[in-house]
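Dropping the structures in below, format is structure tokens.
Both of the next two complexes hold chain A, though its partner changes from chain B to chain C.
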Partner chain A sequence: MSAVSTKTSKPTKTPRIDNIRNRNLAIKWWTPYMFIIPAILIVLLMVIYPLVFGVRLSLTNMNLRNFLNPKIIGLDNYIEIFTDPEFYITFGRTILWTFANVSMHVVIGLWLATLINRKLMGKSLIRVLLILPWAMPEYIAVLTWFGLFNYQYGAINILLRAIGLSALPWLSNPNFLFSAAIITNVWLGFPFMMMVSLGGLQSIPTELYEAADIDGASSWQKFKNITLPMLKPVLVPAATLGAVWTFNKLNVIYILAKNSSDSRVHILVTKVYRAGFDYYRYGYAAAFSVVIFLILALFASSFIKAMKGTEEVY
Partner chain B sequence: MKKSTIKVLSLLMVLVLMFSMAACAKKVEEAASTPDATPTEAAKKPVELVFWEQEEPNNDPIYDRLLTEFNKKYPHITVTRVHYTTDDLRSQFQTTVLAGEGPDIVFGPDDNLGVFQTMGLIQPLDKVLSADFLNTLDKKSVDGCRISGDLYGMPDRQGNNIMLVYNKDLVPTAPETVTEMIEIAKKNTNAKEGKYGLVFQAYEPFFISWVANGLGGNVFDEKYQPTLNTPAFIAEYKFLYDIFNVHKIIPADCNYDVASNLFKEGKAAMIINGPWSWGEYEAAGINMGLAHLPKLENGKYGSAYTSTKAYSVNKNVTDPDRLEAVKLVLELFGSAEFQLEFAKASGWMPTNKVAMEDSFVKNDPKFNIATEGMKVGTPMPIVPEMRAIWDALKLTVPDIMTGKITPEKAAEMAQKEAEKNIANFNK
Partner chain C sequence: MLRDKFERNDKPVKIVLIYLALITMCLITVYPALNMLTIALRPGNALFQSNLKIIPDNATLANFETAIFKRNLLLWMRNSLLVSFLTGIIGVIFATSAGYAFSRYKFFGAKVTLTLFLLTQIFPAPMLLLPTYILLAKLKLLNNFLGLIIPYAATAVPFCVWTLKGYFDTIPRSLEESAYIDGANVLTTFFKIILPLSKPALAIAALFSFMTAWNEYIISRIIITKPQLATLPLGLVNMQTAFNTEWGVYSASALLTSIPAMILFVSLSKYLVSGLTVGSVKG
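So, the complex of A and B:
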């Protein structure tokens, strides 16, 4: 990021007189670059190098049998990925997973934020309680949900039975397992959207609502014509970020599906994990990761462009 | 201009220096730990070995105490012990050996050997360890660490086989056959009261593998191709199918925690589990008995998988002094004294022949019966392909539990899946 932002802030040439008087503090064309060198070095080491390494790895056949001396095999791994029909099914499932989660995150988050943003008894306590899912270590939270989803002893099926419905095979049927994962992840993810929305809501000037009141606007009209447009610059980047996180969310499905080897619950990233760490197909897993990276890069740039979300609204 | 250039340059120099110093520090360390191999001064030259393990953290003090004593005996050898979790140990070892480094000795479950050997990360031990020393160890478990005839691990413990555990208050005498077991289980099942006859982690085929093993089933042929669509595995799936759908002696969705908790609360008459869990049951106040896995239709006892844990040596250890030091350390880990300490702490059976005959091992009722179970057990294959087998066997378990597919169909699907998974390994 810092590397990009500096290009736009190239300094203008300083007058010659200043140069002579204050030689040591003179700003040269390269001075700003000197300031950002440490940042560039860190970016190079932490981001660029692993990325290049990953791309290089994706062109090799590094696996269990070719671990110490992998060979460059060109695009074979990519060809294998794109000719495997399962890739497209998993990709579709990943999109469904991401869409279901992020839309629920935004809807629930925004709804709760709107509730909290008005005068309410014990507001701060409610806020703390609502942030809890976010504060809890994810691993522990998912393990707890794993217990809740148990067919016979889980709280969810006990509730279902109590209200006269039949218990559901949450963890043994792939479709239910996938739904269980979405429920868990919605629970884990809504506090973030709620906090972001709450911040956005509090920055909306009250004058706008007062003016709308004078014009006789209903509360839905106020929400639609003031709140939503004013929240857009906050919500769009947050939703983009949320989509990227959710797309690459390994923990939830990995833990909930620990008793299943059924590929019908996998999303792309859990498939990569399995290929890389259970089957030692490092080259293939790297190629898969590059594909995921490209998908996400394409998504993020086009989504933000389409929403024009980062533009100022006032 | 010149002055400022100098300033900026010097700033850069500082940065560069900082990085290179960090890099140098590492090199100096390496140089210090790899003494030049001049045979004349070999004996006294200090050797620093690094040893990675994934032992229960509670048992780590045993290592530390015995290694300190070892250091008194051989002052020139220092062993640094580093603890890892099982998964981290495996991935970290791969990464560091790939980079030309890594620990000298690595300890872990024997299925690591298959992975490390296939990747070429560890060296054969036949030349490192003497034949005399290897003769002090149980031949069956040493042979279990051989791959294509070469020894890749020195096992210091064995067993870990699952047994039939029963609540003596509910089941006075342990069942001898599967039919008896199911009869007893039926009597002790009352779903309305939440009581069940037989529980275990039903999702992991590991816990029913004793059926196919006992009936003479093999997961692989000699070329490590899967052989799962066979009568033995159909019988294994049938056992699972029947207890869930016909006899109904096990709760639906019976995973590890459900099974363990039911048994600890006295609500399950029998459980199938390994030595790692027995202490927990006793601590919960259960009047616990251990028995053989029951006899199958062919009159043989159920044959649980047995495994070992073993020490392997990094392929990057080539220096004769280091190899000599490694040998001494492995001899310590192979000694009866060391193994007995660990047997008492971990519940694993020793591999040292003297330790195996020790009065503690012989007289302890739990050890005694577990050893009997080990004798009729089946060594678990250590090749990496085993992973593909487990995934394949596991695939249809939920559908078997809910009665959606027949045992025959399940075996057929497992075979197909295993073939696909093994092909993935070989790509």
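So, the complex of A and C:
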């Protein structure tokens, strides 16, 4: 994401060769805009307008009853959010959720990528099997895990009983439900990190390892001093993106906890979704969304800054 | 020679350990799909079993038959196909023309717009859901397939623009220049020269948009409430989380839904990550 810069390219005054060519070929200044207008319009309509509208909505008391004539109530929604102690608990749970998931994604993904990045019989088949969780439609994967976690007939409890442990109440106890959600989401997410790491590993020049071999470096030294630093430009943006995705991941917890009324499994986004679409408190949900957005923006920008800082050390 | 199939520095013990680890992980990734198959093949009187056999005793295809002929699977599939197909078409048309402009022209605002497209991938979905819902309600697009197609296309377009721009960048400009010299105008060049050369990239963009729509649950759950308009995700989630779930029928339906999607995805996976890795590694 460090590639994202907000600098505008100023139209150059000195005629470049490209510009002369374009003019000669009778391409008008508006030609490129004709090409991009449809894409811009749909993105503006569906992303930018809702963003602005959401901020306005957060200052009203809109709900199902006064859907057509909501009143402006200023910052009341925000005050309600920040004075509710549950907000801080949910926030903490969301951080735990994000951290647990992303660290497992990166560790498992990187580990599998280093295993598979060598000559190996049946490598392409193994790679296809390993990315299946990413390929399966997410809601179907979550529903399948919902079945696997079933107390009596689910495969996981059958397995636990078979090795002499007792079955666990995965779907009824909030702590176990939360762990079940993490297991499901780790399963869903590590193939992406594996593919990203694999792409990065393949572009590391082999000479580096050969030179390290001559110097008598151990595998761990090679991993720490060559692989990790060389993968950083790939892994850091992927992990940041992964953290944002995980922070915003609605499907997993929402579907797993669909039949549970216990609020102790929810993360911020599933709470908003419930407030908005199960309890129809639109204004409140919009304010909550703005808070989430600000938290994310703060996270993403400080993370990028911190990574840039360490980059200069290398 | 067997020796040639492995890395020369790897000792046999290491190779065995690597295989053990990889096979264990493969079992973990494949098992949920196998579990669906097992449940789908179970006869109706043996739905609840406490063993881990993959192919159950008295395996039967009755659940598939029930799913296709007695439940609404075909209706949901038709709805999903319609929505996904239109999303694919709109996504690819919008993204192709925009990607072409970003690849070929220097114009005021180009960089900002491209960055904006990238940023849309980071916005939290729940923040957009509620205003989108109210916007679509005001446009009278609730319980209307257009109410699904427009947000889906908007979700898919930014990624497709980036992919297609990258592809167009690899086509040499001299092809168009010689066409211009022969008197072709911008549109003729675009349709007659660039598009035929870009078929593989167009296919990827179309399939990506298609899959965005095919796999989406959260938006369809709030836009569509009429049962006859339900798409596959809606139908399947309701079927599974109902209190008296028909597990066998659900699993058969889920398999029929996910197998084509999984095949498509696996064949596309190489291209989906290339955008992230190409250029970001300094070799």
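By our rule, the second predicted complex is superposed on the first by the 265 of 314 C-alpha atoms of A that agree within 3 Å, B and C clash if a C-alpha of one lies under 4 Å from a C-alpha of the other, contacts with A are read in each partner's own complex, and residues count from 1 in each chain.
Following the convention adopted for this analysis, a residue touches a chain if its C-beta (ideal position, glycine included) is under 8 Å from a C-beta of that chain, and two chains touch if they have at least 3 such contacts.
All values reported here derive from a predicted model rather than from experimental measurement.
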item: Which superposed partner A:P133 touches (first chain B, second chain C, both, neither); value: second
item: Partner chain(s) touched by A:P38 [first = chain B, second = chain C, both, neither]; value: both
item: Contacts of A:V272 with chain B and chain C, given as first, second, both or neither; value: second
item: First (chain B), second (chain C), both or neither touched by A:L64; value: first
item: Touching partner for A:L208 - first (chain B), second (chain C), both, neither; value: neither
item: Greater residue coverage of chain A in the superposed arrangement, chain B or chain C; value: C
item: First (chain B), second (chain C), both or neither touched by A:I95; value: neither
item: Which of chain B and chain C A:L171 touches, first, second, both or neither; value: first
item: Partner chain(s) touched by A:Q152 [first = chain B, second = chain C, both, neither]; value: both
item: Contacts of A:D262 with chain B and chain C, given as first, second, both or neither; value: first
item: Contact residues common to both interfaces of chain A (with chain B and with chain C); value: 26, 38, 147, 152-153, 259, 277
item: Chain A-facing residues of chain C, complex; value: 4-7, 10, 15, 18, 21-22, 25-26, 28-33, 35-36, 39, 48-52, 90, 93-95, 97-98, 100-102, 104-113, 115-135, 150-151, 153-155, 157-158, 161, 177, 180, 185-186, 214-215, 217-218, 221-222, 233, 236-237, 240-241, 243, 247, 250-251, 254, 257-258, 261-262, 265-266, 269, 272-274, 276-283
item: Complex contact set, residues of chain B against chain A; value: 1, 3-4, 7-8, 11-12, 15, 91, 94, 98, 115, 118-121, 203-204, 251-253, 255, 257-258, 384, 387-388, 390-392, 394-395, 398, 401-402, 421, 424-427
item: Residues on chain A engaged by chain C in the complex (per definition of touch); value: 3-9, 11, 18-19, 21-22, 25-27, 29, 31-33, 35-36, 38-40, 42-43, 45-51, 53-54, 57, 108, 112, 115-116, 118-121, 126, 128-141, 143-148, 152-153, 155, 158-159, 162, 187, 191-192, 195-196, 199-200, 203-205, 230, 233-234, 237-238, 241, 244, 247-248, 250-251, 254-255, 258-259, 269, 272-273, 276-277, 282, 285-286, 289-290, 292-293, 296, 300
item: Residues of chain A that touch chain B when the two form their complex; value: 23-24, 26, 28, 34, 37-38, 41, 63-65, 67-68, 80, 147, 150-153, 169, 171-173, 259-262, 275, 277-281, 284
